[in-house]
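Naming follows writing order (A, B, C, D, E and F), and every chain is counted from residue 1.
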Amino acid sequence: MDNHFTNAQRAEVLTTALPYIKKYSGKIVVVKYGGNAMVNEQLKQQVMEDITLLWLIGVKVVLVHGGGPEINDLMKKVGKVPQFVDGLRVTDKETVDIVQMVLAGKVNKDLVKLIQSKGGHAVGLSGIDGGILEAEVKNEALGYVGRITKVRTKPIEDLLENHYIPVISTVASDHSGNSYNINGDTAAAVIAGALGAERLIMMTDIAGILEDKDDPSTLIPRITVSEAKKLYDKGVISGGMIPKVDCCIEALDKGVGVVVIMDGRVPHSILMELLTEEDTGTMVMKG
Amino acid sequence: MDNHFTNAQRAEVLTTALPYIKKYSGKIVVVKYGGNAMVNEQLKQQVMEDITLLWLIGVKVVLVHGGGPEINDLMKKVGKVPQFVDGLRVTDKETVDIVQMVLAGKVNKDLVKLIQSKGGHAVGLSGIDGGILEAEVKNEALGYVGRITKVRTKPIEDLLENHYIPVISTVASDHSGNSYNINGDTAAAVIAGALGAERLIMMTDIAGILEDKDDPSTLIPRITVSEAKKLYDKGVISGGMIPKVDCCIEALDKGVGVVVIMDGRVPHSILMELLTEEDTGTMVMKG
Amino acid sequence: MDNHFTNAQRAEVLTTALPYIKKYSGKIVVVKYGGNAMVNEQLKQQVMEDITLLWLIGVKVVLVHGGGPEINDLMKKVGKVPQFVDGLRVTDKETVDIVQMVLAGKVNKDLVKLIQSKGGHAVGLSGIDGGILEAEVKNEALGYVGRITKVRTKPIEDLLENHYIPVISTVASDHSGNSYNINGDTAAAVIAGALGAERLIMMTDIAGILEDKDDPSTLIPRITVSEAKKLYDKGVISGGMIPKVDCCIEALDKGVGVVVIMDGRVPHSILMELLTEEDTGTMVMKG
Amino acid sequence: MDNHFTNAQRAEVLTTALPYIKKYSGKIVVVKYGGNAMVNEQLKQQVMEDITLLWLIGVKVVLVHGGGPEINDLMKKVGKVPQFVDGLRVTDKETVDIVQMVLAGKVNKDLVKLIQSKGGHAVGLSGIDGGILEAEVKNEALGYVGRITKVRTKPIEDLLENHYIPVISTVASDHSGNSYNINGDTAAAVIAGALGAERLIMMTDIAGILEDKDDPSTLIPRITVSEAKKLYDKGVISGGMIPKVDCCIEALDKGVGVVVIMDGRVPHSILMELLTEEDTGTMVMKG
Amino acid sequence: MDNHFTNAQRAEVLTTALPYIKKYSGKIVVVKYGGNAMVNEQLKQQVMEDITLLWLIGVKVVLVHGGGPEINDLMKKVGKVPQFVDGLRVTDKETVDIVQMVLAGKVNKDLVKLIQSKGGHAVGLSGIDGGILEAEVKNEALGYVGRITKVRTKPIEDLLENHYIPVISTVASDHSGNSYNINGDTAAAVIAGALGAERLIMMTDIAGILEDKDDPSTLIPRITVSEAKKLYDKGVISGGMIPKVDCCIEALDKGVGVVVIMDGRVPHSILMELLTEEDTGTMVMKG
Amino acid sequence: MDNHFTNAQRAEVLTTALPYIKKYSGKIVVVKYGGNAMVNEQLKQQVMEDITLLWLIGVKVVLVHGGGPEINDLMKKVGKVPQFVDGLRVTDKETVDIVQMVLAGKVNKDLVKLIQSKGGHAVGLSGIDGGILEAEVKNEALGYVGRITKVRTKPIEDLLENHYIPVISTVASDHSGNSYNINGDTAAAVIAGALGAERLIMMTDIAGILEDKDDPSTLIPRITVSEAKKLYDKGVISGGMIPKVDCCIEALDKGVGVVVIMDGRVPHSILMELLTEEDTGTMVMKG
């Protein structure tokens, strides 16, 4: 596959990664996995290779995932017609059961298998296990869409301690035994914050925050929270980007070092982001 | 609810449980959960109360479960028609996906929620996580029905060490990323053996091994492996009881102290079995 | 003995104990053992059963004891005539030797044997061992009656850590090698405070604090420190009850969660107090 | 007191102790304390100084004691007349209570106080605590004189681990709650063996094993087990020396490195034995 | 410097290293550093980069070094004329002092500084420290040239445990306080054996074992011990290669997994050997 | 050698050391070794005996050394002519290499060998190892004479934890790979401060601080920092004593308990200082 590189070239590449490996060794990096990188089979394989490589060189990677398209697939199969209120899915009891099954039973375990086939050691948990995520109803009209009320990172930290890659699906529960569908970006932000992660990587299907959203050359490589807030007012950050940047800001507030909005469509974007000089996407920092 | 007991009577009951608590304190007890106790809502609540109580008094309980009826429900909903060969379900790729979703995503997490609502701390894993169960095709004609080739108990032991109740769904994987449906009794026997469990409790819908299967008064309370083998020859153990007793024998061979075939239809049968003088069901022992 | 209960009833009782077991699991409970429960052979057996049961289900029980009647017995045997000043025993050198022998050598070891015969693991220490209790003369006229000047809980905590039930006799020493007789209630309060115990149980020969000391139906079930102080002024708390309530207040001041003045004459009163809904005696709380 | 030494002389003495300190650092040394060294006040002080010094320089000292004369004192005080069968004391229930009180309550705690006054940290246990010594009746005619049936060193090892000097009185118990008087030399041998002690020091009131028991100049400084057995036959080892040498042989059999029969009448004989070149008494070795 | 690679190419290289990183993660690799790679400034920098990279990705690297040319430099400066017997240097007292100073004081600390400048954490020890290497005179005529009599790896293991790179200079001592010059290959073999290293890399100035020593194209890539012994007889392994291969065989005998005779003149040869598919030099294996 | 003492006298001496052993057991004592005690062969032996004895009895000794005369010897041998500016040695690149070789390679390892021949376990490190001492140029005119900019005690603490005597040579490094010659007294003060040492002993060739520097009978046995500062003004502390007392004050500021300026010419002065009643030299204390 890469026989066009000489061993000397490979060695050269490896040694240039040295300062980056040093920087993240023993640190917690939370990856919010989603979008195109979850659908495209080749990208999926590459992300799991990247995750496994990072784990092998000593980074404590936590993978947080949703599972959009597969939920829709199963809903269709069982003949459920999705309903929406203000663009948000109405999640009745039957729907939340489907969400739980698909996220915790299908996507989660498939990711665990994929990482294991790359040589990594992974264990999949949902937000229900060990009470990782407790939630309550966010909006009566939406049903079992949850607002997180409590986060317990002990089960995740135990897995990191025992040298596993935790793979977390974003369903939560309450004390009455209800399950809730949780927004993936929010769950990743809250978990990363509670873990005091060094870095939170938000995989998306865009290049990052753009000055002109139609022109990729206007990518803003680094931005502080206060600068971001100004971009809200100027309308540069708008639409679906608003809740995503809100999550970044929440994660930084809760103690995450740096958040990166990363283009998940680029092959090996995680490795490039962490182990090479060139940043990808938009880095959001405190300040 | 039990206001017909005086406190003195309650104290008396508690103190008579003392020698039994002493016997199981710090010991591993694996419960194969299934049958009626999994369908009847009241029994389900009682089993989870029993599990939580045992955990609280220091028993290391591991719950292993399948999920029969719920698999059928989802198959029906998506319009799959079950096919059988020699009475065994043909499990094609789509079916094993359904099995994985229902067991690891639905039943497993619902049990975790139920235990947590009783005050226990539970974490749900599947046989896929951390490579707990590796399997291969058992019979080409049956598709993804697996024969266990390897068991790794480390993730389960880590949970016990961190004082969680491990809840394990019986799906497995291989190195190529395939999932397998695993017989619940076999999985429980293999896991109990690998953990060196003190006791394996097989919850069933029968009273135990009966001399005359139509007469509950002929229950055999205790039986050794060699005695059991004679009952095979005599036809006393027959039909569906054969693979179940085979699992008991395998578990004993692999190091489990005692296996109990227990009547899951009796309320609080687990507590009665472990914490009172009167045994229920049939106890299978080495020898 | 309790064959009048069905197993189902027993299971029902055990499960109703569940929330209480959960509450005290891993917590420190100090029991000041004394009075009638120390003299009546059947009560004695029951207290040791209760202690052992609590220990088995994960409560960290510490037993603190004096030994009134047995001290008098030995004094009589060696021909010592007790002398009193203002109702307090004059403790000369020979008397304190007798106290030390009876408490640390007789009562302490007999309790250790009794707990061990119930299946518990116990180790007996005196306040002298490891410098647990250091004392000085309280009142020259009384001789070797001690006022506690220092408490070291490390030897007790080591025993709890190694999963033993510490049984502590209330003698103390000073740096010159003198022994002191210490009031049992005071010692228990000071030790419970230093351990940060969840609960201190004072076994007595009364029903608790009574509005009218001649009418058991006037039992005050719960009382705060400030309410107790008012009862001093009103004369409701008087006589021998005053130093006892003083000890409760001291224990609460030093960090104990709750103190219970409990009727030791009631069989299994400790179990009932801790593991059932119905409280016995008077609970004294901060506030 | 030793102002007749210059500091340089003191330094010289300390440095010559260096190889001996090195030899015993971190090793277990069991001292059977008894005889004159337990009666003479000055010797008693010196033994406790020696024990404390050894503990300070890193030797793991375990002190095992009986308490002969003080038992007799209390028996006399309560008007008991000792009875003997074949020279052995008949120990009825009342007598064993006295033995337990004196050993575990008086002598044990007095030794703990004395060590603590020298700056050592000591905790006193009896053979009853934590089931250290279990026993049964040795000879019906003698009553509660015990033969050791089981030894548990965990409570002693816990104390050593927590850097205390364990002080052990030689009373034992059985499962029915009886106490037994145990021969001190036997108890020390059995405990030293179970601990795998480097050295067992038997303090006696003789110079050691003498060729001619009336001539101290005939001291045998070193002897192997097989040589000792020959001396039995020749009658050189006779009378009260026989059970003592039997204990030495038993200790060596059970894994003690070396046993020393030491003259406890010589001031600081323990220090001299362990920390100087000149051996005292008779060293008994395997072979 | 490597700006001729795209990030995607870099990521591709990194992911192909994944299986090799997995293989050596947590394993001990001993590198015998010497020859040209120790003289050429650029090679030296690259070796230290490689060592640091391996350490960062979780390999437990131990660097063992001699220091040939620098010893000669100092000898010349102080006016010592080297003397030889049968081609081996006569090492008088003054010479061994120079060896010790240069190896333990100059080369060792310079390597530690170099690794630290690359971001690694290194601690330099000599074979004298903690008694790592004990030696005796090998040949009277050669003076202080040592034969290793004992190896203690604890100080090295402590450093690995505390996540340092141990850098070991090959001087030894005896109990009389003499120092010895130890052959570097021998020391590396003995240390690697005692550590149970996964791999020992012998850096040399040759391509490996050659069928025809004048033709690099005849490199033997893999060889077993028994095959190597045949090459001795055939004269293929001869001259200075004999003691080197002897060391490889000794290391394998003592428990090292694989030994590699590696060409230290090739840039980044260590990285290429361990983290890429293409082997360099000659791998010597058991068999 | 000391056969003029009886064993009883030796025991007496040992027991009088008891309170001092108790005082320093488990405490860190840093010894700055230098001056005559480093040149005189008999004193050297005695210091290493003292260090080993202290280590054996549980004191955590750290030995910090320079190496004056041996540096001059090697400089002479290689034909370097020392140059001075204002009485301070000009340290060019070649000179600092010699300093590093002599201190880290010769003196350090010779001390390790000497301690090991006395039975101690020692490991020698330089300030370069593990980045213990980082430095920068102090004065351009002096070359590689360093001012300490950072101290890392972890490698020293690891050695103490693993029960070794750390022997530290006073060379430092910077991030560019330069070495620096560090003043021994300063290094000892900084290291002792960072370790929070109980006591720092400065071995010198004077009796201590004298009121009249020509009259040893005017020794000031104890002095506070504020008193010392007054003696600067009065000229009592002058010349070479000024930087030494400055170091004492710096050490006290950084957290050392007590500093002693000790006469290293007196045999066994360290033992006398620590383990006997009579202080030697001048004790400098906070205040």
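We adopt the following convention: a contact is a pair of C-beta atoms (placed from the backbone, for glycine too) under 8 Å apart; a residue touches a chain by one contact, two chains touch by 3 or more.
Being a predicted model, the structure only gives us computed values, none of them experimental.
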* To do: Check every other chain and keep only those touching both chain D and chain E; list them.
  => F
* Among the chain pairs D-F, E-F or B-C, which one reproduces the interface of A-B, with more than half of its contact pairs identical by residue number? -> E-F
* Return the chain whose centre of C-alpha atoms lies at maximal distance from the corresponding centre of chain D. => A
* Measuring from the mean C-alpha position of chain C to the mean C-alpha position of chain E, what distance in angstrom results? -> 68
* Centre to centre, by mean C-alpha position, how many angstrom separate chain A and chain E? -> 44
* **Inter-centroid spacing, chain D versus chain C (mean Cα positions, whole Å)** => 35
* Distance between the centres, which are taken as Cα means, of chain F and chain A, whole angstrom -> 56
* Asked: Of all the residues in chain C, which ones touch at least 2 other chains?
  -> none
* Asked: Graph of touching chains, which shape: line, ring, star, complete, other?
  -> ring
* Structure fact -> Chains encountered circling from chain E by way of chain F, in order, are E, F, D, C, B, A
* **Touch list for chain E against partner chain A, complex** => 1-2, 5, 7-19, 21-22, 25, 46, 49-50, 52-53, 56-58, 118-119, 266-268, 271-272, 275-276, 278, 280
* Structure fact -> Listed in rising order, the residues of chain F that touch chain E in the complex are 74, 77-79, 97, 100-106, 108-110, 112-114, 116-117, 121-126, 128-131, 154-155, 158-159, 162, 164, 171, 173, 175-177, 179
